[in-house]
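Going by the order they are written in, the chains are A, B, C and D; count residues from 1 in each one.
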Amino acid sequence: MRLTRRRFLKLTGVGAVAAALPLDVVPVLAQSGPVRLGILAARAGVLAPVGESGLRGVQFATDRINAAGGILGRRLELIVEEESSPKDTVERFRKLALSDKVDAVSGAISTGVGLALGPAAEEMKTIWLAWDATTQKGVEESMPKPKYSFRSTDNECEAVMASILTARHWKGKFKTVAGINPDYSYGRDNWAAFLAIMKKYGIEAQVVSELWPKLGATDFTSHVATLIQAKPDLIFSCFWAGDTPIFMKQAHAAGLTKSTKVVLTTGGGVHESLKKDFTPEGAILGYNCFYFENPKASALAKEFTRWHAEKFKEWPNYESDHGYFTVVAFKAAIERAAKAAGGKWPTQDAIIQALEGVEAESLSGPRRYREDHIMEAAFFQGVTTHRNRHDFVTIDPVESMSTKQIQKPSGVGLYDWINGWKV
Amino acid sequence: MIVRALGLIAGAALVLLPLAGVPYTTTLLLPAFGYAVALLGLNLLFGSTGLLSFGHALFIALGGYTAAALTGRFGVRSLELVLLAAALVAALVAVPIGLLCVRYVKIYFGMLTLAFGMLFYSFLYKFYALTGGDEGMRVLRPMLLGRPLEHLDTVAYLTGPFYYYALGVLVVAALVMRRLVGSPFGLSLRSIRENAAKAESLGIGVRRCRLAAFVVAAVFGAIGGVLLVVPTGLADPLLAYWTHSGNLVFMLLLGGFDHFLGPVLGALVFILLQDSVMSLTSYWRFVFGAILAVIVIFFPRGLMGLLDARRAAAS
Amino acid sequence: MSAVRWALALGWPTPLFLPVLLAAGLALAAVGPVIERLLRPIYDRDESFQLLLTFALVLMFEDVIRFVWGTAPHQLGNVYLAYGQVRVGALTVPTYNLIVIACSAGIAAGMGWFLARTRFGRIVRATAENREMAAAMGVDMTRVYARVFTLGVALGTVGGALVIPATAAVNEMGIELIVEAFAVVVIGGLGSMRGAFAGALVVGVVKAVAIATWPEVEMLAIYVIVIAVLVLRPAGLFARATA
Amino acid sequence: MTALLEATDVRKSYGDTLALDGVSLRVDAGEFVSIIGPNGAGKTTLVNVLTGLTPPSSGRVRFKGTDVAGVGPARLARLGMARSFQLVTIFPALSVADTLAVAALSRLRRSTRPFAALSRDADVRAAVDEVAALFGLHDKLERAARTLPQGDKKLLDVASAFALRPDVILMDEPTSGVSTADKTTIMQTLVHAAQRMGVRAIVQVEHDMDIVFGYSDRIVALHQGRVLADATPDAIRADADVVRAVLGIATTQGRTQPGRA
């Protein structure tokens, strides 16, 4: 066989392909070099803005940590991958764990992705600090007693808080309710929690319509028409994405929100898009765990808000805070474990142990991980107002509740817990 | 000649890869194996029969959900049984769908299959109680050849026994498909692709052959789907979404639909390319869209076509 | 179909009131000839390749949009509400919706007139009927395609510009809407103007009825209709008997 | 004795146009029948009806005693009736050998065998070689059909129909698009092949009157969807009406459109 030039080129071509294979042989020296944190952030689709927001919080935390000398002297390095479909995200998680050999992974918003990542984290023996991505139903099944997964607050915390506020402000002022919620576990969990709490408070509200548009829908004309027909006194919605302003705008244009009470548990996720033109005053609006104009904000929160506004020309929302907290909690746990080990770099098991119960200063005040790996934070909601310097609504007064109050405690079923309330 | 030599080198590399101590690359190839099996089937439909399905992800999802239901709900952990069941379910579903679809060709066939894929996606997404909605269904780790392999952790399981199992399934699938393509049935399909009226006038039952190809493609799709969800541990509705079907066709075109091993090459290259481009830029969709556009416009015969052309030029 | 998607993609970032919006939509149609030039090599191939190319463009545009406009939803707040509301009996209807309906009807009528009465319209129809014949009769195919394509993009961008004020421009719009646009076109029949109009009505009405009565089947119902139409009347509800 | 192929009072309408208006036709074993007529007389429609491609609006078509109206070309082919098309109809990307193999497999009822190795089927190879030799295609077996010269494409089209070893073969203008010089060669080949392959009857649609009168046992003249005459070549030649209605027009056409393919 004569080795022609062409053939030679072809063979070198094979070599090039082989070289391009992602070879995961980068040796990681456990005690030196940077601390590697893998990030899973959504980039496309309806989750993209949220993923972006979480990433900003992570970036802010990382810059501060590195400016202050890193974690026990080691620089913190981020390896960012994309959160997409559950299958693809598990593969990216695997890359972070096996190929990049990260010390922990932070990220993930979608419930479906979260359910896939839980077992993957246990299997890969890699710490995973979720930004969101929790649900009643799936979690118990796929993450019974997780070792490596650390979860966010429960899905329905904001429904619980909004329901308590609803009862406080409007008990006796409405007889019929309608729900319009995104068609997936988050929407269903929140609506069910709302109904259970109304019952607990003795509010005999009749459900006149239950609508489940697809997450991220862009047209609600038919839904609005159905709601106008149903004539509810109160509309409950846990929209959190671009669908929120679209729904509000179309509802306003059809005159739906003029006399109807509105509860938007999570609309604060896209607060800047809730323009005064179509978002009424006097609605209950939730910002999850971070409100950018909290009068009692810490210096840290103010600094972050300023940084965010300058850098991105936007006011920050809650996902940044989730992202921020996972990073600082990880750092705090390492330092806590190192102290216990006499200053030596801790083992992974020691870090996990230290994460349980660790407390750190988040953008919304102190937060911690419970011993059962669930986040404990403060939530912010309130009644909308037009009296501000923006073209969108804000809340006044700002009410805050801790998850100690609005999240089910460890080991108790959600509805058992609600039914056990004293009201 | 060159193609064969390259194939041998690649085959040897695949067999030896788990021993190279690169666990991530090894797990990365698992979905490529699953896709390769599904694409072998899809290519019987497109490459041989000339019908381009834009809903083939339906059968991948069907295989995935069958695996989830069997391992998760009914406690059937034997992968051989799961594969068999997935093949059966796919065949059962493919017959009625195929009966409707194979009456049409070209873009009408494409659109009808797309509609069926989206119908199934909507079903998975909306029928919460049955399918878990957006959360999907968990797939538990199956036994291989009756061996539970519980002593292995997941990485060892995936990069060891399951890797070879999946590779084995792919090899068997490829051998079966080669037999099919080289059989009288395969020739009948090609004659239908070339000129259905002429084939009909020569006594070929055009619709029956198309239906058979559709069902075979579905079975391969479901088997690929099972291999695909075991490493992920989850079957979710996005498996059936139209963009997933689009990706399948992308892989097929990338590899080259008129060569028997084109689908396998397409799956491998797609997965490796996706992995590296995703790590390089968050705008990987743009890169992939551009690659696809270039292939569609300038190189419709894919990588295998390029290899062929160079071989032709060299000789 | 692809034009609809580009439209929505491109009809976004635009200024503040309707005429300007429409002008912007029309201006964006300038990308038509460029894209058409790219598509030219595949005219002779199976239409499936065109479907595939559409998929490639969807992938690319999603990232282009993210690159240029970021991930947050974009809205044109006051355009929708600036025109006020009209009370029809007990109903409150946003005036803007009526404007959109009027514009659509106007465009549809215009298209009908264009195809039926103008010289170029007749050439377009002849070409759709039989390309070889038209070419043999001395019609310059390249120009016809370029113009028709540009017209399609213009209609798409104007359509996008029209709906955006009522909603918001979001990143994944293309991926979601392209399938709905596909449903509309299939139900109406490929290449049928009346059909496209009827298809849009069918999809809209089915969605509305499903939402009001049985929300679970909203998505399903559309695909069931698409399949039924393809199976029973593959040429669409209104198309001629050629398929 | 029952006819090999018999059409009784066949009508076929497309919308308002009546393409066939009560056509009756009988073909017996051993016959070479030509169907002639001006354009639009219904010749191709008749062939399509006879070969099951188009179901008739009314009337009966019987082949070897069984009713075959609208059963579809595939089943008719398996029953023993083959056809070739007016326009050259081939499998462009398939080789000559594969094209003939499709037909041979169909005759052997092996078309749908999924796991048999085609390359090792000696019966098929023998059949392919035989037909290829008869049609002079034996040295082009591996060439893709689309690369053949026009005359060979036509031969391949006809040869694949012969490879079915049918009882009856219907040919829609077997020599259209072929130079006058080649026409005779093709017809010789056809007739020779028919004898060798045991074809019991040939029906052809043809414009070239030299061929029609040179080879037919019987001529059926169609005009406006009706049978104008059905007789031997000599009788037809003697019939002034037919000559005027059909032949005059047909021969002119033969001259003005020599390259129709």
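Going forward, contacts are C-beta pairs under 8 Å (C-beta built on N, C-alpha and C of every residue); 3 or more make two chains touch, one makes a residue touch a chain.
These numbers come from a predicted model, not from an experiment.
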- line: A correct list of chains touching both chain A and chain C reads B
Field: Distance between chain centroids, defined by C-alpha means - chain B, chain C (Å)
entry: 32
- request: Starting from the mean Cα coordinates of chain C and chain D, work out the distance between those two points in Å.
  value: 48
- line: chain A to chain D, mean C-alpha position gap in Å, rounds to 73
- prompt: So how far apart, in whole Å, are chain A and chain B when each is placed at the average of its C-alpha atoms?
  reply: 34
Task: Quick one: which residues in chain C touch 2 or more of the other chains?
output: 62-63, 66, 175, 216, 219
- prompt: Where does chain A touch two or more other chains at once, residue-wise?
  reply: 43-44, 214
- line: Multi-partner residues in chain B (2 or more other chains touched) are 125-126, 284-285
- prompt: When you check every pair of chains, which ones turn out to touch?
  reply: A-B, A-C, B-C, B-D
Statement: The answer for chain A against chain B in the complex is residues 4, 6-7, 10, 14, 18, 20-25, 43-44, 80-82, 85-87, 90-92, 94-95, 98-99, 110-112, 115-116, 119-120, 123-125, 135, 137-138, 141-142, 183-185, 188, 214-215
Message: Under the stated contact criterion, what part of chain A meets chain C in this complex?
response: 43-46, 48-49, 51-52, 210-214, 216, 218-219, 221-223, 225-226, 228-229, 241-242, 245-246, 249-250, 252-255, 270, 272-273, 275, 277-278, 314, 391
Residue numbers on chain B that touch chain D, as the complex places them: 179-180, 182-188, 190-191, 194-195, 197-206, 208-209, 212
- request: Would you tell me which residues of chain C are touching chain B in their complex?
  value: 38-39, 41-42, 45-53, 55-64, 66-67, 175, 179, 182-183, 186, 190, 216-217, 219-220, 223-224, 226-227, 230-231, 234, 243
Residue ranges of chain D in contact with chain B within the complex: 51, 53, 72-75, 77-78, 82-83, 85, 89-94, 98-99, 101-103, 105-107, 110-119, 121, 124, 157, 160-161, 164
